[in-house]
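Paired with chain B in one complex and with chain C in the other, chain A is shared by the two complexes that follow.
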Partner chain A sequence: MHVDPFIDPHPNLTPAVLQGLGWLYLVLSVMNVFWCARVLKQDEHVRIRLFGMLGKGVEIPRAASWAIYSSILATIAFMHMSWSSAEYIGKFWLSLTPDGLIESSIDSIVANPVSYFVLSIAGTAMMIFFREWLVKPTVGWIMLNVAILFMALSMTDYDFRQIVGKPDNVPIVALLYLVGGFTWLYFFHAVENDRRLENWDGEGAIPVLNNEDNEKVLVWPDLVYAELICMIAVTTVLIAWGIVLDAPLEEPASSAKTPNPSKAPWYFLGLQEMLVYYDPWLAGVVFPTMIIGGLIAVPYIDFNKVGNGYYVFKQRAFSVITFLFGFLTLWVAMIILGTFLRGPNWNIFGIYEFWDVHKLVALNNVMLSELFWVDLVTPITGFAPEYKNSDPESVKTLMILIREAPGFIALIAYFTVLPPLMAISCLKTFFHRMGFLRYMVFTHFLLMMAALPLKMVLRWTFNLKYLVNIPEWFFNI
Partner chain B sequence: MTVSAACYAESTHSMSVGDYIRGSQIWKSIFRHPAPYDRRNRIVVMLTNFFLHLHPVSVKQQGIALSYTWCMGGITFFLFLVETITGVLLMFYYRPTLEWAYQDILALRDVTTLGVMREIHRWGAHAMVITVWLHMYRVFLTGSYKPPREFNWVVGVLLLVLTLLLSFTGYLLPWDQLAIWAITVGSNMARATPVLGHEGPGFQLLNLGGYDLITSGSDARFLLLGSRFVGEETLNRFYILHCVAIPLVAAGLIAIHFWRIRKDGGISQPL
Partner chain C sequence: MTEEKPTIEEILAMARGQDGGGEADPPADDVVAEQSGTPEQSESSPAPSPASDILAAARAQDAAGDEEPAATEKQPAPATGVSDILAAARAQDTGGDAGAAGDEEPAATEKQPAPATGVSDILAAARAQDTGGDAGAAGDDQPAAPAAETAEQPAAADSAGGERPSVQEMLQQLRQTDGATADQDQASDTTAPRPMPTRPAAAAVPVAATVAPGDLSRRSVLGAVVLAPLQLVATPFAAAWTALTAATTAMLLGTARFMFPNTLVEPSMTFKIGPPSDYPPNSVSAKFKAERGVWIVRSTMYNAQDQIVALASVCTHLGCTPNWLDGEQKFKCPCHGSGFYISGVHFEGPAPRPLERVGLKIAADGMLEVDKSKKFQDELGQWEDPASYVNA
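Then we have the complex of A and B:
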């Protein structure tokens, strides 16, 4: 198929894109040359046998496969650069097929809140579970390569570029890679410290990383120079970023023209995503306050005194797991969802999908009170908690409370029955070591945090919109 | 050999330009001690220099290990300084009125020399949000919030909130579509504040003789916007919050944050 970039308004490939990708592949190739050198120094070999039976096979250095990979990348880089003129573009083959198998299968996973959320939870859980395998340098390196190759290939899709390339969205791409990288780095250190602590007899200094010759050094020059270099590096990055990428400036403000979608600044998109599941008074006011309050409470809740001053997992498994889920799946993943996947009418779109304003998604949400009264109780008993506008206030209030009783009971049970129940079962030791007040604060913050995923599940399974639905008082939960 | 040539040879031999400058009265009046080439003067420089005395004279190796601190707190602080400097420069060109705000930003983009300051300011702000999250991430993962550093963690959380608020208030200033609608979406939440928002649960609780005290003209959102919608009063409010109020509070808290790092015994160490 011949794509003429001067005619097609949505070209998947343009000379500029191929040029840019050429540079990206070149950088990746050079990175892998360095990696190759590192592997060569370790001097490991692998045995290659043809079809597993032809003789003993040959022994080759492990680095050889990295060398081959680097040279393939270099070739690809060269190919991009030399084919990046308009006449060749139609013949260029290294790109995602529009709506092909890869694109449509990735989109069908991410463009669905259920699979997206399950995936982010499962990803975090697997990372924690397989951490010892994850932190192998080769594994980390391969994952980095896959992440960059995924990005590079996706850039050949017009719709992907539209959303990822928005100037204000570039930092979020950076955030994604930085959070991934630092999480890996954490596990890299934590797994090593776990291993060291396991073999420790408790004598002498604690044998964690950085602590072998943790002598005092003079701040001048050791720290002052490091800071200077760091400042120069940050300044350089900022200036380069500023020159390459213009700050966005759209049309002059107009209160008459509402953009679709209207999005909050990117760092609040996790909160905006909560609006799908909770009303503004919760998603926009109560939960943010709870997040801040919960963070402030962290040092006063965590009674575990070990694990201060070094990266570790096993000694603090509970607090680390809670924090990882909170930060990675409930904050970062929600921001990614809000930024890259939420389109017009707050519908969810795939990363390779065109933002169609007319996409229709059926909504048939129900209230808990409807499920309880209309579907269950009223047909049997004939009683329906309704009121007429002429009724006195006290009757109205009573009817509302009766109508919403199932939701209130569920909520009260959630917050009052679960904490003591956990105190005598799964959180027994916590309760004993924390004392009553601390334990109560802790469990309530924990239940608040769990309220978001729980509501999501209720929405996906029962189409449940509200547990308590009192529009008369602007009170919906 | 002439006398002057001999003097020249002599001076190049014994005295470099650097030595000459460091020997001058001006230099000595500023720095008051010899260059930090030996141990004694490396200590003295930390004690006598105003900027360096933020630091102790010596620290444990781990405190400066990049693999430990990820340098994220330091970078956040540096970005705060960059934002202050570029922000002051931008203030010379920007007027927070409906008539001029957008025009001034346009001019920064199209005609102003060094208009790239706007880019640096905006990307610096985004970067600061990211680095402050990563800083919190590392402080948590190293357990550095545990005693005796609980309170500094609290100060940190407040700084995190202020960083987000700084970014949020600045978002409105270009006064383009992106700006007002993002602020509209963000501030609409305040309408639903329990008791204090005119669409929040319990707003009827505050009333006098049957008249609601909380209306769209007196609720939490109105306090934030100075108006019933995002308008000129909002621009003025956000401008002052962004350029004066929040930076001052943040600077004060950063000072406390750094003071507490020293008083709590420096960067956390394995015991």
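Then we have the complex of A and C:
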């Protein structure tokens, strides 16, 4: 029952892992039994013909497939629990093999910031685009199953377990499932409301979901009972959590030794990711302020009169898309990246990849001023904005400003040219309905938000470190 | 003399009536003027429009108390608002004081220009007026009866009227006592018995107020000086504030004391790190990183000269401690992935400038000596400074 640590210090499978996975599969199986019962109650049938082997085919209840799936899961659970002795572990087949094709391909996708970021944007876009298909209960249920199966299978990998099973990260995993669940719930309501509003003749009360179940209920016993149950549930979870997972205490702090990797609390990992691309005063001060200020400003820049007070998509498409982009891809995806993918030396590692301190990632970064002067202008004109230490301050200042002029011009153009440009093109309606001031506030917040992914793209494509780099004044953008 | 506390309207009315009634009924300032022997000047104030009148009256009365009444009686001044009304009320107040004090001992009276500061003054004035009337009635043994008509003596009133003083009154008393000693010294220098129609400071302390006329001057000064500190603990309220102030002061001083510890347990900023031969070419020594926070680096990378430098082990991005990776020949920060060459120059990640050097020299005994109190930044051209490196 014991795996020798000298033979394999990083065992992918251990008896404890198999036992735990057995319970997980059992829970999943029971969940699917309930789902099966639900489907059976709806009494839908599908005709299967098995490529003509069954002649005209046999009509079977749809629940049958779920029943088969549930029994397979139960078998797998039984297998995990009963085969979890040492002699079987080597032969166990339901796991991701260490050098497997699946693992390496997934790693190569997520460990590359470009593909990771593209994937997270594409995921958000597809979720919005295919929302009507997504919110079908069967689709939602299948996606939940896939997510749990993915987690269960990945748990057979040692390095994945090290990252996900860290006491710090366990609640984050739970949180990701919550984010997914609530996003699905939003779309479920929104799609239904969209459908109802399309068929609405405009008379009477607005026929949204929220208006149906707003009958009055009593505080006692309805609310108090619900609160009591929630209270007990939360207490139970917290106690269980406190007993099962030890607090992730580390060695005493030392000013001379920084843990490698050194991670912020999970909710600040988005900020830490920003700090990779921006100077501390921007990523740590200006952007957080902008995020809070922007959220406060939302009610004031929102001119859309409809869609208030109920879940809806079509009436508030722009707001919803902007929010989902800012929240899911720029915040949650950054938290996932920071929690699970950032390893020693703040390199990006795949989820099944060993955290090698000596992993070499070439990140030779350049400044915009270097790109502009060293590569472009100076070879042609011979002029270089340089100064000597002995030069007077005025010359130094002038040279610094000339040196960084490309960055300043680009930034000023970004914030002054783009808003009017958008006002006459893609955001014409917005400009007309908002008025000048509100429109300017709105576009500047929008451009600020877009500045983060833009800078990331610049970093990945041109290795660009800073647009404006004045180390003499501690000023970088 | 009113037994009731006057309302603000009454104060206003009094203030108005005072200047307007220069002829009609003899108010306090007239009394003062008469006592100072210059009645004609006090009569010379006519009755102009109300707002400026109030102020003019107020100023005039204050001035009459302070200086020569004849000279200052005519000073006009623009009325500005409530403060003027207050000033007027107070002036009336002080005028009455002058009357009362002048009766007893003109030389001992102090000048007390009281700037109106707020509602509290109205209250104080009102209360003083009220109870002062009692005082006048009780202690009026002088023939100059008109003075007692409007006399206000808060302190005397305390003893006579037996009313509890308000916070503002206590503060006023404290202020008066402070000012009293100086003013009384001044007053006793000028031997001429000038009429000083203001609150007698001595009267603020009940003991001083009951001193018999005659050699009151010196005794009241002495009494005020001796008893002034006692006022800090005279009432539970004053004692509480005194205690709070003392405790806060002690705490602040104690905090300030922390800035000057008796002993410094941190290691000295300058320390020796052995002879240059300890450091082979193209090497990074992390020997002093944990305790001193410096790497000793010998390389030719920066300017092709074989130099030994001491690099501070603080990332120039956000201050984490990078690690030297010998295989990769770079310093790498675990927080945001900044990378630095062996020379300390940044090349990857978000760090905007090179690592900082600290001072390094060869001491008299041939040992290398690091001086962490000096730092040298490449972007400011300070790495050219000979104090920042030692040629190996």
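Just a few scattered comments:
Everything below uses one rule, namely that the second predicted complex is superposed on the first by the 465 of 477 C-alpha atoms of A that agree within 3 Å, B and C clash if a C-alpha of one lies under 4 Å from a C-alpha of the other, contacts with A are read in each partner's own complex, and residues count from 1 in each chain.
Definition applied: a contact is a pair of C-beta atoms (placed from the backbone, for glycine too) under 8 Å apart; a residue touches a chain by one contact, two chains touch by 3 or more.
Computed from a predicted structure; not experimentally measured.
Contacts of A:Asn469 after superposition on the shared chain: chain C is touched, whereas chain B is not.
In the superposed model, A:Ala226 makes contact with chain B only, not with chain C.
Once the two complexes are laid over each other on the shared chain, residue contacts for A:Ala410 go to neither chain B nor chain C. With both structures placed on the common chain, the touch criterion links A:Asp279 to chain B and to chain C. After overlaying the two complexes on the shared chain, residue contacts for A:Val179 are found with chain B alone; chain C is out of touch. Once the two complexes are laid over each other on the shared chain, residue contacts for A:Asp246 go to chain B alone; chain C is not touched.
By the touch criterion defined above, A:Leu363 lies against chain C but remains apart from chain B after alignment on the C-alpha atoms of chain A.
By the document's definition of touching, of the two partners only chain C reaches A:Asn347; chain B does not.
In the superposed model, more residues of chain A are touched by B than by the other of chain B and chain C. Once chain A of one complex is fitted onto chain A of the other, the partner contacts of A:Leu401 are absent, as it touches neither chain B nor chain C. Residues 254-255, 257-259, 262, 272, 279-280, 284, 474 of chain A contact both chain B in one complex and chain C in the other. Of all residues in chain C, those touching chain A in their complex are 289-291, 293, 313, 317-318, 320-323, 325, 327-328, 332-337, 339, 347-350, 352-353, 377, 379-381, 384.
Those residues of chain B that touch chain A in the complex are listed here as 36, 39, 42-43, 45-46, 52, 55-68, 70-71, 74-75, 78-79, 82, 102, 105-106, 109, 116, 118-120, 122-124, 126-127, 129-130, 133-134, 136-138, 140-147, 149-150, 153-154, 157, 160-161, 164, 167-168, 171, 174-182, 184-186, 188-194, 197, 199-204, 229-231, 268-271.
The touching residues of chain A, when paired with chain C in their complex, are 254-262, 272, 275-280, 284, 344-347, 357-358, 360, 362-365, 388-389, 465-466, 469, 471-472, 474, 476. Listed in rising order, the residues of chain A touching chain B in the complex are 168, 171, 174-175, 178-179, 182, 185-186, 189-190, 205-206, 208-211, 213-224, 226-227, 230-231, 234-235, 238-239, 241-243, 245-255, 257-259, 262-268, 271-272, 279-281, 283-286, 292, 295-296, 298-300, 302, 304-305, 307-312, 316, 320, 323, 327, 470, 473-475.
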